[in-house]
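Following are the structures in question.
Paired with chain B in one complex and with chain C in the other, chain A is shared by the two complexes that follow.
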Partner chain A sequence: MEELLKVKDLLVSFSMYKKGFHKYELEVIHQLSLDINKGEIVAVVGSSGSGKSILAEAVLGLLPKNATVTGEVTYKGNDIDEKSIRKYLGKDIAYIPQSVDHLDPVMKVGDQVIGVNGTKERQEELFEQYNLPKGTEEKYPFQCSGGMSRRILVTSALMGRPDLIIADEPTPGLDLKMALEALKDFRELADNGTGILLITHDIDLALGVADRIAVFYAGSVLELAPVEDFVHNSDKLRHPYSQSLIKALPQNDFTPIRGTQPYAGDLPSGCLFSPRCWLRDDKCAGNIPMTEVRGGKVRCAHAADG
Partner chain B sequence: MQLTGENINFKYTKKSPWILKDISITINSGERVGVVGPSGYGKSTLAKILAGYLKPLAGSVSLDGGDLPKKGYSPVQMIYQHPEFSVNPRLKMKDILEEAWVPDDDLLGRMGIEKKWFTRWPSELSGGELQRFCIARVLSPKTKFLICDEITTMLDAITQAQIWNLLLDEAKKRELGMMIITHNKSLAERVCTSIIELPELNHIERADV
Partner chain C sequence: MKSKKRNKIIKKTIKYVILFVIAMFILSVVVFILARLAPGDPLQAFYGEALDSMNDEQIAAARARLGLDDNLFVQYFKWLGGALHGDFGLSLKYKMKVQDVMGPLIGNTLALGITAYIVVFVLAIVLATVAALHEDDLLDKIICKVGTATYYIPPFWLGVVLVLIFSVNLGWFPSSGAYDVGKQNDLGNRIWHMILPLIVMIASHFWYYAYMIRNKLLDEFRKDYVLLAKSKGLTRRQIVWKHCLRNVGPTIVSIMAIAIPHVISGTVVVEAVFGYPGIGNLAVESAKLHDYNMLMTTVLLTGAFVFFASFVAQAINEQIDPRMKVTKEIRW
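Here is the complex of A and B:
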């Protein structure tokens, strides 16, 4: 397996104003590690508002100026930062943003999809493949329906035949069946060698399409494991949070644990999940490294015990 | 008690396509009717019509044979998908909670609402916490029917299970009639006593226009 993207100990913080000129640093992503190989779909699953989109924007160097990003990000073995990623963006690495507002409102969609590096032929080929009727390329975004705009975003991502696609919530407002249908193309791309990072809040969707699932909690990835470990039961999972997440699904036990996710700025020290965890003890304080357990990666002091 | 919608027809403007055509639905006390179906089939429109927020163009909604009350507290209440948009952002949580009635400590305890949240603004609570307030504020003893429009769609699985377990306990205790809109089939199978699917007919018609 060839490694495409590797993120190690990523940390993102925003410098914010409190009152007047008093500044403070708000850390939203901490110690996040993740890797994507050629030809696989890795789904990052976490609840809305927990900072998943910031992960994508940090990797792609799209964050505003008041953000500080530290940690290692490598693409095919080369270190990248927000400047050096520019030469890959739109060619090797493509981004499908969450909202259709990312289309330029005053540019015809055909020209947008072609962009700087694309060709007319490729655009026509992609439009046909994605069922965009002839003449769509002459339209402006406001003349396209929501579903069409989404497909336009996908075609513009595929223009450069990318090796890595970062898709942020690509199927909003679709129910599971339609979303899985829409992601069939992703599966096909992955089978042809593209690596896909799929960011979603819908765990059922991730279970249906991904090869590996990264469980995102309060700004960090607690567990990264093959999708088989998540199906049916929680026995094979390594982290108490992912176990309780799977147990709480309506098709499984539907039994919740207590408590809520902590906020950025109000985080517990040590393990982020420890205030809600039944295994909590002295080992949970302090820095807990990502370790390999039974073919998956997990950040838990007790993972190796059981 | 019985909440019935009979032969409901609805479209939003004169020119727009029909959203609902000849839909009939009956909900008895103690029943939990799930409504599933993809987006655009008129699930939310049906919810608003049954709760009395929209008037059907043809057909009628009745509660035990009579009309829904036009003023005062309606026995048919709704819980929405986005709690952050269904509360007044300029009220503190205590005022939001007590808009229509004053819940007692016992109910707040069962709902998992902490008193220290009372002095916060809505923007200072998470979606799951906010949704608990939205549920507690409609659980007055006068409420007989609850219409839940995708109330846990935006929440993570653990919070979803927390909210539904609380709500189901309460609904069973009070024999509430519920209409539960969701696109999650396994959730519907878990919480509902019966499930209906809105006909696809509407959708085909919409595509033709």
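Here is the complex of A and C:
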């Protein structure tokens, strides 16, 4: 398997002001590691507000000036940062944003999809493939329905035949069945060798389409494991949070996890999940490395215990 | 399809013409009444010092002759009847028909005003874009500080200083007038006379608009579509040029329409400082001296300009942003 994107110990912080001129750093993503291989869909699953979109923007170099990004990001073995990723953007790496507001309101969608690198032929081909009626390219975003705009965003990403797609919640507002249907195209793309980072809060969707799932919690990936480990029950999972997440699903035990996810400015030291964990002991307080356990990666001091 | 579109344009034009007539009518009534409500005697303008030595009978006779005795209603319709035939009445100060007083001067003011207007906006858009692209960098800071300082220099003072330096000391530019005697038709001579007034006009106006456009652009840079464009590999210049400037286009055009009376009224100070013969001075004088007909004409002229500008601005904006064509009325 050829490695496409590798993120190691990513840290994103924003310098912010609170009450007048008191400046402070808000760390939103910490010690985040994950990797995507060719032809694979990796779903990053996390609750709302846990920083998933920031992960996408950090990798793509889209964060504002007050953000600091450290850590190692490599694409096909080459180190990339905010500047050096630019030569890949639009060609090798594509982004499908979360909201349809990412379309320019005063430009015809055809021109937007073509952008600066695309061709008219490819645009027509893609529009046909995604069932966008003839004449859509002459429309402005406000004349397109929500569903059409979504598909326009997808075609815009596929324009340059990318090897890696970072898709941030590409199916909001669709029920599971519809969303899975929409993601069929993603599966097909992946089967043809494209790597896809799928960011979603919908674990059922991730279970239905992904090859591996990264469990995202309070700005970090706690566990990265093949989807099979998630499907039946929680036994195979390595991290207590992933286990309880699966248990909380209606089709399984439907038992909730106690407590809530901590706010980014108020994180516990050591294991991020420790305040809510039933296995917590002294080992959880220190720095816990990402370790390989039973074919998956996990950041838990107790994972190896079984 | 095409004829339908043409019909729509014709319909719209007719609508605007009717609106224009109504607006001008209301404006003329309001100005007419307000001018006569203001305290003061229009005869002062006509006779000047001589008024003091006139007796009551003479004054009454003068009033009757100038039609100042009739009731407002009659006066207004007399004026309206004349105006509709292209006669805007007698200027009390100059004792000449208003159009004959303004005729030779209006060209001077338009030349100065339009040139200043164009330069102001070209400069404003360019500086705003440069500053916004370098937000918070040294370049942006320099542009902002210098711009703000320039804006706060009083134009009459700047005018006097420029005259002192470039006319009196260096002798590069003339200190007053619109042309040298006998060189009325010499374009070069006219431009030479216009340079100092232009500098004052531009210096006192451009930053106000540049700063507005700069901030609007900064707003635009933070929109989501910029992120998507960036993720598609567009360079900063491409994003600003292809996306952002078009998005702020309607704002710029609207500001430009509103700016017309602002810039035109800027000629008043400049005309005074440089002794530049124009209608800006006439407008101020007419209000001060109760030169009713002159006042009416200058106000209506400015009003017509503003109306026409907003019509053009609306038409341009609909081309830039098609959302404006679809007028969905909100139901509250």
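The working rule: the second predicted complex is superposed on the first by the 306 of 306 C-alpha atoms of A that agree within 3 Å, B and C clash if a C-alpha of one lies under 4 Å from a C-alpha of the other, contacts with A are read in each partner's own complex, and residues count from 1 in each chain.
Throughout what follows, a contact is a pair of C-beta atoms (placed from the backbone, for glycine too) under 8 Å apart; a residue touches a chain by one contact, two chains touch by 3 or more.
Because the structure is a prediction, the values reported are computed rather than measured.
Undergrad: After lining up the shared chain so the two structures overlap, which partner does A:Leu89 touch, if you call chain B first and chain C second: first, second, both or neither?
TA: second
Undergrad: Quick check for you: in the superposed arrangement, does A:Asn66 touch first (chain B), second (chain C), both or neither?
TA: neither
Undergrad: Which of the two partners, first being chain B and second being chain C, lies in contact with A:Ile257: first, second, both, or neither?
TA: First partner only.
Undergrad: Who does A:Ser47 touch here: chain B (first), chain C (second), both, or neither?
TA: first
Undergrad: With the two structures laid over each other on chain A, which partner does A:Asn192 touch: chain B (first), chain C (second), both, or neither?
TA: After superposition on chain A, A:Asn192 lies in contact with neither partner.
Undergrad: Contacts for A:Leu245 in the overlay, against chain B (first) and chain C (second): which applies, first, second, both or neither?
TA: first
Undergrad: Figure out whether A:Asp104 sits in contact with chain B (first) or chain C (second), or with both, or with neither.
TA: Second partner only, chain C.
Undergrad: Indicate the residue numbers of chain A shared between its chain B interface and its chain C interface, in ascending order.
TA: none
Undergrad: Under the stated contact criterion, what part of chain A meets chain C in this complex?
TA: Contacts found on chain A: 57, 60-62, 64, 86-91, 94-95, 97, 99, 101-107, 115-117, 140, 142, 153, 156, 159-160.
Undergrad: Across the complex, what residues on chain B touch chain A?
TA: 37-39, 126-129, 154-162, 164-165, 183-187, 189-191
Undergrad: Which residues, counting only chain C, touch chain A once they are in their complex?
TA: 222-225, 227-234, 238, 242-243, 246-247, 249, 320-323, 326
Undergrad: Tell me, which parts of chain A touch chain B in their complex?
TA: 46-49, 173-178, 201, 203-204, 244-246, 248-251, 254-258, 260-261, 263
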